[in-house]
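Have a look at these structures, which come just after this line.
What follows is subunit A paired twice: with subunit B in the first complex and subunit C in the second.
Right after this comes the complex of A and B.
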């Protein structure tokens, strides 16, 4: 009996392959976007974990030297005084970070490298083995040291024994820093007694890459969820339709004595199977999406946060399982109402082929109340709450509230249109559009969300880009930048440049934590270049003059926000208190920054010699000067960069940052377009009884088809008109709430009417394309089929 | 298994069997092996023998505080070589490990240190004698007068040792056979140290005095492949001292050896079978069945005693774990001693 029941149920899909296609494709697309984003996130997190484990950064305190080098004898002296510290020798080998650890004393052993093979361990200790990802190893020149590929090591990092690292880096007897084990003996002398010139730095919870990038990943996740929500609209529609159309089958089965419980179970199993198949396809597509996005995400994360992320994707169970789970869960959610109704259905319920289409029109009151409540909640969150979660909560409330309100608003607008209609034809058009609305509303909601997201994100990105370009012009005021390799070359370089250029502006910096935020301290030369070009977001009166007089400091916006510092507060730089006199925008920089004047910087950091210089000169002279520097002075090409070069590089980092959001945006819009197409196609077959009388009264099939297209355009335009304010609200939230949390800066909002117009045109074109197929089908419907409506032979 | 346990598998010879030398094999062709007759050259032989695979400076002490409460103390420095010989710098094949422990009747404190040779973090020099790893040391002007310190997150101690008798040599004048197949080590002891000093425990500082026993042993392959662990006893019996060990072999048989040490340091070695030790009490130590009460007999000396752990939970939760703690002796003789048992994890 079960077999017969199943066959009867499944026959529905055989007769309606389009519906099956809609269901599977909708679910697959939704799962694809979701699992794609999850895959990207999982890959990035795995890279952070590898980095954390590889570098031991963040989780352990460190002992460092202002010179960057610790004598090995100091390390032994510390050990012999009871300090549980472990040596690190690090440097660059062909540009790749080489880290040497002592597996015996390092709190985490040789990081993620598995040394459970005794023979390998002996080789590591005695002759040296380099561990890195295969991609990193491929970039190494031939060395006299064995190598071993390891997927656990962070990208662009080589791990090895400290002795091997010293030898390869020419650092014999020298260490770069010491890792302090979390547990220390009961008694030990203070660090200052053994090594007065070394400083201990507490664990860097604040600079933890994973935490820093969390907001970025939350951003991606929100997009993935939005796409999934759009996809679930499709699935909900398809399942609801399938249920309504199967009512006769279900009625017959039950009349034949098929138990209700088993019927519900059969349908649930059927849906489970479908959702697993669609979920699997979706995860496969998600892999492709992620593989396509990952290089850009990796570039973004390294450009924006300095986080190294592998550019190649691995099939990690956490994302493909979550993809399958959300596909099954989403289907369950979309089907729960239908299953519930089925279980309550009277035995001899009548077939109601259009009930599905009308059902969305029911409960209008509740829908209105829910929409209003959500919009009020969004407004309340915008006004009262802050923080990333509140920001996303507000976005969710706003988007869902607006989506729920959409059919009600459209209904009112269409009713208004109908009241103004002058002709019979016009009245029929408005009324017919209005009665189609319930069937189309889910697809229109999807379109609304996709368009609003598009408006919001493109407004944010374009505002950001405009601000960022202006910021680069301000900040990169020097025409030419040069770098010396060491102090000696720096002196020679200055002497060489002095007679040839207008001014030389040394760029010198030190690193330290300011209120727990890792920061760079800069000591620029007092120069008109700075006060003319650097604009403060907030400042005390005469800020530049006072900073140049050594009375205070200016800090970047990120630092001010992360450490909650306001104008007039004091911060400690190199042990000295400085009043914060100005806060400046510093877009694209992952860490904090503070400026003090050159003289003060030199007094606080006597050991630091500037190696980088900004050069003010006639822009025409940059190319000849760089040739002269290379040929006469012998400065390497890599040590020179002109202003245009840096700007291009910075803009490139910027653009790659938003490639990902852009791509997700387009995909979401595509899913919404697909939803409209499928809704129109399914409606088209059901609408025949409504169109046949109109046809019989003399309207040609071609004209009917054209009216269908016009209707789609009208609905798309109305939806676009509503999407615009919603999108702008979204943009405001992204700029004023989410970005501040995610990146640490707030940006002014600009409007881009031409972009919005273009989007509206895209939406209309998408609607026309979606309507064209059903309209053509209608125009080619055989008159006999239309006549059958009257002979009740459907 | 992490790198530390691999190294420890190499480092602790008695753990080596259980861990199968972690892929290192048991070949000893590059290392020197003990030869008969044993010839010692002091003070040089108090120092390290890098051509041998393993070596230790192993001190245990039975202590009492003013109230008569029993304490046990352990200070051990192990040396192991990945290859024979010594080289300066990080490529030194010598690895060092320190274990320190304090046992009270109801607590057992343990800590461990690891170090590479060749860089000065750990090592031993013979004259003036100094054995160290990090801030721990066993050092003095000579082998008879030593200061011994160790620190840990939860305890520390600082002890003074004074030899009150001569060195004693086990087996055939220091050539100690460990199996019927002839595996052997060089093995001598200083069982006559008087010890006094301060224990720093979580509850506060405790002045203590007592007796200490230092074992020196080096070899390249001390255990036979069919030996699964050992039970080692050092017992102070009033009229003499007894060192005895029982190597457990697959199939349930044992290989035993013992040395009777008269108060003047005169030694009598006993061959396989003369010394007998049989478990009396088995204690659940963190889920393992460990014999913490023993019947020990050396009929030739009229020794028929019961040995009971002062704290049966004296588990050394080091990377390669074992049991080591002070014991009380009753029966034909009374006294205190130390018990070490491996291969029960």
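Right after this comes the complex of A and C.
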């Protein structure tokens, strides 16, 4: 009996391959969208986890110096006093980060190569071998040290012993920082007694790199959430329609004595098999999507945050398993509702045309209540809740609430249209469109979410770009930038430049923690360049004048938000208190920043000599000057940067940053378009009994086909009109809630009407393309098939 | 006694409250008996047929098939009755569109575990369907589809055949041919036939007639 039932169920797909195709493709695309985003996330996360491990930050307390350099004798003094500390020397070798550790004193678990495990590794490291990925090693020039490829080390990082690192970096006798072991003797003297100029930084929950790259991944996760929501709607629609299409068969099987429970079990097994097949295809597609996007993601991360992502994609079990789980789980979720309805639907009622959609329509009241409740929840979270979780909660409540409300709003709009119709055709058109709504609502919800995501994300990205461009204009005000290799060259360079340019602005900085936040201290020369171009987000009266008089400091927004610093608060810089007189936007900078005037800086950091200079001059003179510097002065090309070049480079990095989000947007919209096609194709067959009488009464098939296209355009336009406010609300959430929580700064929100118009055109084109095939099929339906509707009529 | 229906009542919700479709209907049938169920539209004929076939459940009263109260059975039990003891022929044929004619004919017999290839072939031959066996239902005329539906039911050798206006969609000549075939085969298999019909002419060919009026036996 089971075989006969299964054969009957499966024979439906054999005879209707298009329906099977749409079901499998719908499931596959939903899975692909999800697993593609997850693959990119998993790959990048794995890479910068390795980076964070390599840095050793986050796990251990560290001792640092305001000058960025610790004398080796201080380290020895600390060890002799009983401090369990381990030295680290780091710097850049041919642009690659080189980290030197001491395997004998390093705490267990530090670094990707576990130093606590096995003598061989310790011995190998002690012998001065450079560990790095093969790709990193390939970029190194010939060196007099041995190398060993390791996949455990982050890209663009070389790991070696501290002595080798000091030699290669020219840091003999100097250390960059000290790592403090978690267990220390109780009798050790305080740090201030041995090295008063050093500060101890407690272990952090996450390193700066990890925290910042995490924030980018929050953006991707938000897309993952959106793509998941779109995917779930598509899966739900596909499964629901699969039930609807086979309802007569199911009814006949039950009438012929096939037990309901076994029928439900068979359908469940069949859907499980289909979801596994479609899930596997989807994971494969997702892999291709991820592989296509990964170079951009890598560019994004390294551009914005300085983290490295290896360019190769690995088949990580967690993401292909999660992809399959989404396919199977999503199918299970969607199917359980349909199976439940099937088990509860009376046998004789179950073959009514479009019974599934009618049944769905009956839940309208509950759908309305749920939509309203979710929208109220979203408003409440926006009003009173803080934190990233609340931000994402608001995002989810807003999106799902709006999606649930969509069919109800469309129904009301169509009812209004019907009440205003004057011609009989108009009346029929509105009423017929309204009747189709239950069958199309899931696809339209998917379209709504896809479009809202598009509006929201493009608003965020474009707002970001606009702000960032203005910010670059402020920050890169000098026409020309030059870099000296050492203090001696810096002095000569200044002397060479002085008679040839308008003004020279030294750029000097030191590093220290301000209220626990890693920060850079800058000491600019008092100059109109700064007060003309740098605009404060908040400031005290006469802020620039007072800063230039050495009365206070200005800090960036990240530092203000992270350390909860307001105007008028005091911060300690190099042991001296400074009042915060201004807070400025500092988009894209991962760490804190504070400005004090040049004289104060020189007093606090006498050892620091500026090696970089901004040069104010006639822009026309930049090229001749750079040629003269190269030929007469002997300055390397790499040490000269034209301001226009920096701007172009910065904008290029920024544009690449969001290429990935653009690609995901297009993909999401395409998948939503496919959902409409799938629904229209399925409904087309079921709608013959509704269309045949209209055809019989004098409408041509071609006209019926054209009306189908107009209907799709109308529904797409209505959905677009609702997607716009939803998308703007989404953008606001991303800019004002998620961005602040994740990145530490709030961006102004700009509107881009032309972009929205273009999106609406895309949506209409997608709807037209989706409607064309069913409409063409309808226009070519044989009269005999339309007549069958009457011959089969009860 | 093969079938016993006693004091059967069924109501449906209507726009102005509950509508009583069957109101205390009682009847019996013996094995091999043929009975025409007649009455005006809305008199409750199809509802009675559905209740007897276990396709729907009464508000009150009981239906016994070979002494088993099918109202007391769960969904699986009623499905087993439909599969093993009863065969239903619908006016709308209700063939499985994705299966060939041959598979449709053998389908219920296979469900009941009584597949008999020779008997199915014989039925196909007598129904004039031998040339259509590899076709799909949509490729057949209405009369041919109805003959497939009858063959499907009889191939499972049910004890009780329930037919809901089986010739309602057919022209008079085809209806007569199909009716003759059905009666011959029912007699041959010693099945009882309960047939809903509007046709006086077809009702006259049955051994007994039960007329319903406004949900009651007239």
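The criterion applied here is as follows: the second predicted complex is superposed on the first by the 688 of 794 C-alpha atoms of A that agree within 3 Å, B and C clash if a C-alpha of one lies under 4 Å from a C-alpha of the other, contacts with A are read in each partner's own complex, and residues count from 1 in each chain.
Going forward, contacts are C-beta pairs under 8 Å (C-beta built on N, C-alpha and C of every residue); 3 or more make two chains touch, one makes a residue touch a chain.
These figures come from a predicted structure and were not determined experimentally.
Enquirer: With both complexes superposed on chain A, which partner does A:187 reach: first (subunit B), second (subunit C), both or neither?
Expert: first
Enquirer: Of the partners subunit B and subunit C, which touch A:102 in the superposed model: first, second, both, neither?
Expert: Touch partner of A:102: subunit B, not subunit C.
Enquirer: In the overlay, answer first, second, both or neither for which of subunit B and subunit C A:72 touches.
Expert: A:72 contacts subunit B only, not subunit C.
Enquirer: Figure out whether A:336 sits in contact with subunit B (first) or subunit C (second), or with both, or with neither.
Expert: A:336 contacts neither subunit B nor subunit C.
Enquirer: Just subunit B (first), just subunit C (second), both, or neither: which does A:134 touch?
Expert: Touch status of A:134: no partner.
Enquirer: So in the superposed three-chain picture, is A:249 touching just subunit B, just subunit C, both, or none of them (first/second/both/neither)?
Expert: Second partner only.
Enquirer: Applying the document's definition of touch, where does A:261 land relative to subunit B and subunit C: first, second, both, or neither?
Expert: A:261: touches subunit C, not subunit B.
Enquirer: Looking at A:576, would you say it contacts subunit B, subunit C, both, or neither? Reply first, second, both or neither.
Expert: Neither subunit B nor subunit C is touched by A:576.
Enquirer: After overlaying the two complexes on chain A, where does the subunit B footprint on subunit A coincide with the subunit C footprint?
Expert: none
Enquirer: Subunit A touches which residues of subunit B in the complex?
Expert: Within the complex, subunit B touches subunit A at residues 1-4, 6-7, 9-10, 21-24, 82-83, 89-91, 93, 95, 114-116, 119-121, 132, 134-135, 151-156, 200.
Enquirer: Of all residues in subunit A, which touch subunit C in the complex?
Expert: 1, 3-5, 7-8, 11-16, 248-249, 251-261, 346-348, 351, 791-792, 794
Enquirer: Can you list the subunit C residues touching subunit A in their complex?
Expert: Touch list, subunit C to subunit A: 50, 53, 55-56, 75-76, 79-84, 86, 88, 90-92, 94-99, 103, 107-108, 110-113, 136, 142, 169.
Enquirer: Per the contact definition, I'd like the list of subunit A residues that touch subunit B in the complex.
Expert: For subunit A paired with subunit B, touching residues are 72-73, 76, 79-82, 84, 102-105, 109-110, 115-119, 121-122, 125-127, 161-164, 166, 183-188.
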